[in-house]
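Look at the two complexes coming up: chain A is in both, with chain B in one and chain C in the other.
Right, the complex of A and B next:
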């Protein structure tokens, strides 16, 4: 109610997606930035439209889809899973079998995207539903081990099913993100090729100072994945705030109590595994398609751990937290690399941070002080990639101990600080 | 055939006397879809429009007719504030019956006395607790009651008693009667007379058994005209209207809440929001953010103490800002008090700094962000509390009245506020202070015609020339404002012959957040002493901070550290009074005071005689 934000006169306003004006406004602002920044239409944000950044952001968006799925399973329904990489692989291989080109050594039906993309999700979801009964039997750590087993079973399968996965060291090419009506027809819309706008879009003046004539392939992919992610995020949010999500939360908080209250445990867990795997399947298919070629070894335990890290750092159980966690985890390596490079330059060429650079970076075999060697293998010490892995390990420990609600929890604290003003509680 | 048609037709009511029921119907006709009231149910404020409200009132009135209630019969309501309270009340008014309300805390013995004194025929009991008060003493204990309507079925359905009737069944009965006898209620409404008794309001009975004050339609109408609608009560002539929001949380059987809530809704149309319970008032206040708010001093003191404690508990940056804010508020409050409640230039500037920094957020937290008019009444409030709220930009106007004059005597008008007084008499009402006794007496259209079935008590309440004796001693301040000294009966005359007002001492003590209740004693004694009850939460919090362990209320109250703390408060109070008036000794009351145990009235006023009897040995120990 206007001027009385806490006065709810019906349930729908209380459950509203964006219950306050502040949230509505910030959502619109975020959408405007997300649309305009890659088009070089906003001052200061223009660099995001550059190829290297776009690739990274696209990866983050695809990861976000998978993370949203794991968040539903682990964050909302409370089922610990290390098998997310397996379900992503199921989605990816479904996509490649349905959409890929047939060859001498591989299967492929060459079907268009509107078939293989949904199918990737659905097949993964079905596999998830098959796995779900084990979750009714085992809990917590044991469930984590069961799902971990899935990853190894999966790795064995992909290595040996060459007809599906391609060579163990070469993999196989994935179908591109393009929309065509049937196999072998010219794509109506391609989300990957550089060049002019899609056929029905004439060059436009988006804003008085922004003229759009053509778009890079990465930018097109970005818009496709962004829309896909937004739809799935909204769907996730809706699942969480309605009946299914509430039943999951009940199961998470105490499965026996939930069952006693009339929330069917087996059904809830099955739904959670199914829907979560659907997200993973979609993400796996899109990820493989964006990357273009993937070897079977990629779907390993580290990929799963990365998603666990995302939802723990971001904040389990929330959509916004998951998105924050994804961007943090995907963009941090890049930032670490840039910072290391900067410090290395400072150390060799001198500057205000030279002392820090000398302490931190080993620039050659004779440099005995420092943690990271830069450029890689320039001296003893960690490589930047190894540093990133160490950093995530440390971050997971720190977040679990200090801020179990993750980045979202930090945001909550900041918000509550002002919400309570001038009181503390 | 034509005669039945004529009979069932709804008569034209435009010429009838506008009772609250008539006005509810009028709102339903003029603004059917406007929200009339909200009540919170499963976390949601459910809305009732004017049309829905009148529809329910009409059905309930038909149900009363079906139960054989006749004009002049008494119905009774024993419930917390809820829409059914108002619906049942208005329905009774519509058929020219007389309604009376009971406090939910009334114990069985009092309930029995009140219902039999009033002679109630249909009784509305909220839940099992209230139903039990009727069922338990047996059928003979309530000879007049024919039906008991209950709102909450939990625990009641299993009771086997043919007098019981669920609210929904009651309304269904009404629907049926309404189908067969359309227009019957409206025809009764045509008969409404201004001097007809509308309601019985029982005085709280600090001295003897409660007496039922009869209030007529004319009483109510005049009181609305004066108390709610007198000009210059609000800033800038913006009188009470349909855009206002109110929170209904004090017992509706009290004249103040009745006048400010349900009667005000019927006359002026503000939206009534029913608080879930007295415990959730603070939370409900935050949700509703009422524009007009009435509270008794106890509530104002609680909000005041709550703010101070929470500010003290805040982190240091917030404490720094709130400390500055409180200093500004103190300055603004002082300036406004000196200036009749208005801002001075300096106060205005200080407010412009303090409001965005602290006040606005603070007001939002306590639920008074949109409050444009607040008032305090029913007991004396400490000037410090008024000054505090004035400093925050919430003008709290103290007003004065009593059941017997429909709460209509004096108020502080905007811009002419004198803190420490109860303000000026309403324009054109008769109010005088007896020169001999100092008693305040009133004479106007809102003065009640008498007590229900108590002609003798009625006679004692009026002077020979027909003025109402309020029983309060007052003095004129500057010839315009009235200051209440005390109840006549409470005045202490020490053995030295000195007249002392215990309320002044007690109110001064009660400004401390640590003291909940205090009773000054000294009538016929050598010196003044006091019994003091601590505020359990606040003192408990204080003890926790000092790492003083305690187990129960009694244990805490009798800790030497706590007695020392209270001694400090007593010393501060004593500084404000002359030597003979000072409290020489005090004792801690070893239990929490309670209505059920007979120490307090339903309105939380001390029953002095009961207290003296109960804690007689404590009192004697101070004089031996």
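Right, the complex of A and C next:
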């Protein structure tokens, strides 16, 4: 129906992936931006291709994979889980045992990525399926505590299984993101080293200002994680709009009623835990290999809370909301750090925001006014890292009180305002 | 008790002395967990809020004791003639009251606007609070151990083969006093209002009970109990070096106690606390030598116990089963 994007004449078109032309166009635009951004090819946003920003964006993309998984479990199937960090750890350690190098103190088989990456997801999914019977029996907030317990039991395991997890303070190196056919063979594509993306792309140069033949390692990692994330997001979207996802939503909304209608509750919850853990396992494995070395203590409750916060801030139950939430949560610390640095320089060198800087930043041992100690983190006053954690908590609270639908809700309101513009209805 | 002792002597290695000492420490640790769990359950019963920030509030309360008793010496600096233990008690009392006030402020700012929202959403708010309070209190204590300056120190009392630290006896005494006070409180006029609100908020409101006031009272009591639990988990022999960022994590282990007892049962909180405390100490003293169990196994025993109990009784030992609408 031209010009009437909200008029659906049948069910299948309403459940379509991109039901309107606007959505199709915006998806294409988004894809173009996502491809051009790291290549310094976007006007004004060329800085996104710099190493530090790429590392941050890569982290956001990996987080997005895990958040998509938690969104399926919590947002769609309604099962509260604080144990996402545990499943990520399961995936990461599967990856490192299969793909990592063996040492005197650690196990490792040195297998290539096409084995360890799917295996990370599958093993995590199996563990999720093992946990699922508990979720069938225990519901609501009790389930939150069971999954919280999983994180603590997991931490105990990783601390003590030195053969798998490496030393408690050093961890162990993870296999690199590179595609080779078998162990000890030269990689066909390496997603971490500088150089051309792939050998046959060397002569092809479609856009003269894009230097595709000399790509940074971070940018190559970016493309790998972007494609992986896009595939998993599409998979998630498809799960949500087909039989499995709709049975989950029925269980979430009213489990007994769902069962009366012939939706098996136990099966649905088991599927939800399995698939969500699959996402978490993949994300954990990729996160660990992007970071390179992870200590066992990293898989703690804070990581789980981050993902719960991502889907709450983004808007539970939606893929777009989850992605917005991820970028918001991962990029905010960087912005806070930059703003703090800016205010600190304003306070010392003068400027329009000097007063704010003086109020906000505690610059040295003689300065008693300020919330953040910067650049020297010693003494009273929070460090920038601590400020970020506090802000993170504040954001969770503010979003839940003021905008329960999250960023997605804000986006909806903005969109509806412009849809009806200049009318308010 | 004698029967348990005889069985213990016959069955376990280490004999009766080890058994009775483990039992004593277990009950003392259980009392700490029971204090923390009681605060948690009172908040949950009255306001339907699962307070994930409970551990952080406990650590903050313990820090406030060290602040009032050691750093600024209030009220000790004004009553110089009083004995040390009295000065410390008064400082601790001020700290507990301050924590209760903080609890009420938290409730007013962040929990009150969420009345009527889903339980999970409110629980997530307390997770955010946990991050905020924990980070700020960690920064206040400079991420290190801060001594509380308590008058008990590391001295012990020997009762036959049983050797108890003074602090452990103090914990037990205070817990018993708290439980009696709570029992009396729930029979008072305000206490009846709290119980009515726990039963049905709207009906309580229709009877002229100020539900907002009840919420504030519940959070005040809950935070005060958390502070007490925090104090006793940061004095010898639990945390010999005082309150530290680790205290909040130790207080996290009170959650299994709550769940084992049932989220909304006050009796359950006490029983659950004792079960967890005894289980943890027994695991520490009898399973500590088994090398393949590794380090820190005692720390996850509460969580394992919780999972086992939940698989058998999904609403805990004394929890009310949720009646679900179709």
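The rule is short, and it goes like this: the second predicted complex is superposed on the first by the 398 of 425 C-alpha atoms of A that agree within 3 Å, B and C clash if a C-alpha of one lies under 4 Å from a C-alpha of the other, contacts with A are read in each partner's own complex, and residues count from 1 in each chain.
The rule is short, and it goes like this: a contact is a pair of C-beta atoms (placed from the backbone, for glycine too) under 8 Å apart; a residue touches a chain by one contact, two chains touch by 3 or more.
Quick caveat, the model's predicted, so the values are computed rather than measured.
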{"item": "Chain A residues touched - chain C or chain B, whichever exceeds", "value": "C"}
{"item": "Touching partner for A:160 - first (chain B), second (chain C), both, neither", "value": "second"}
{"item": "Chain B versus chain C as contact partner of A:10, first or second or both or neither", "value": "first"}
{"item": "First (chain B), second (chain C), both or neither touched by A:149", "value": "second"}
{"item": "Which superposed partner A:114 touches (first chain B, second chain C, both, neither)", "value": "neither"}
{"item": "Which of chain B and chain C A:140 touches, first, second, both or neither", "value": "second"}
{"item": "Set intersection of chain A contacts, chain C complex versus chain B complex", "value": "none"}
{"item": "Complex contact set, residues of chain A against chain C", "value": "80, 134, 137-142, 144-146, 148-149, 152-153, 156, 159-160, 254-257, 260, 302, 305, 308-309, 312, 380-383, 386, 389-390, 392-397, 400-401, 404"}
{"item": "Residues of chain B touching chain A in the complex", "value": "38, 43-47, 245, 286-289, 310-311, 313-315, 318, 321-322, 325, 358, 361-362, 365, 370"}
{"item": "Chain A-facing residues of chain C, complex", "value": "50, 110, 113-114, 117, 119-125, 127-132, 135-136, 138-140, 252, 255-256, 259, 263, 293-297, 299-300, 303-304, 306-307, 310-311, 314-316, 322, 324-326"}
{"item": "Chain B-facing residues of chain A, complex", "value": "3-4, 6-11, 14, 420-425"}
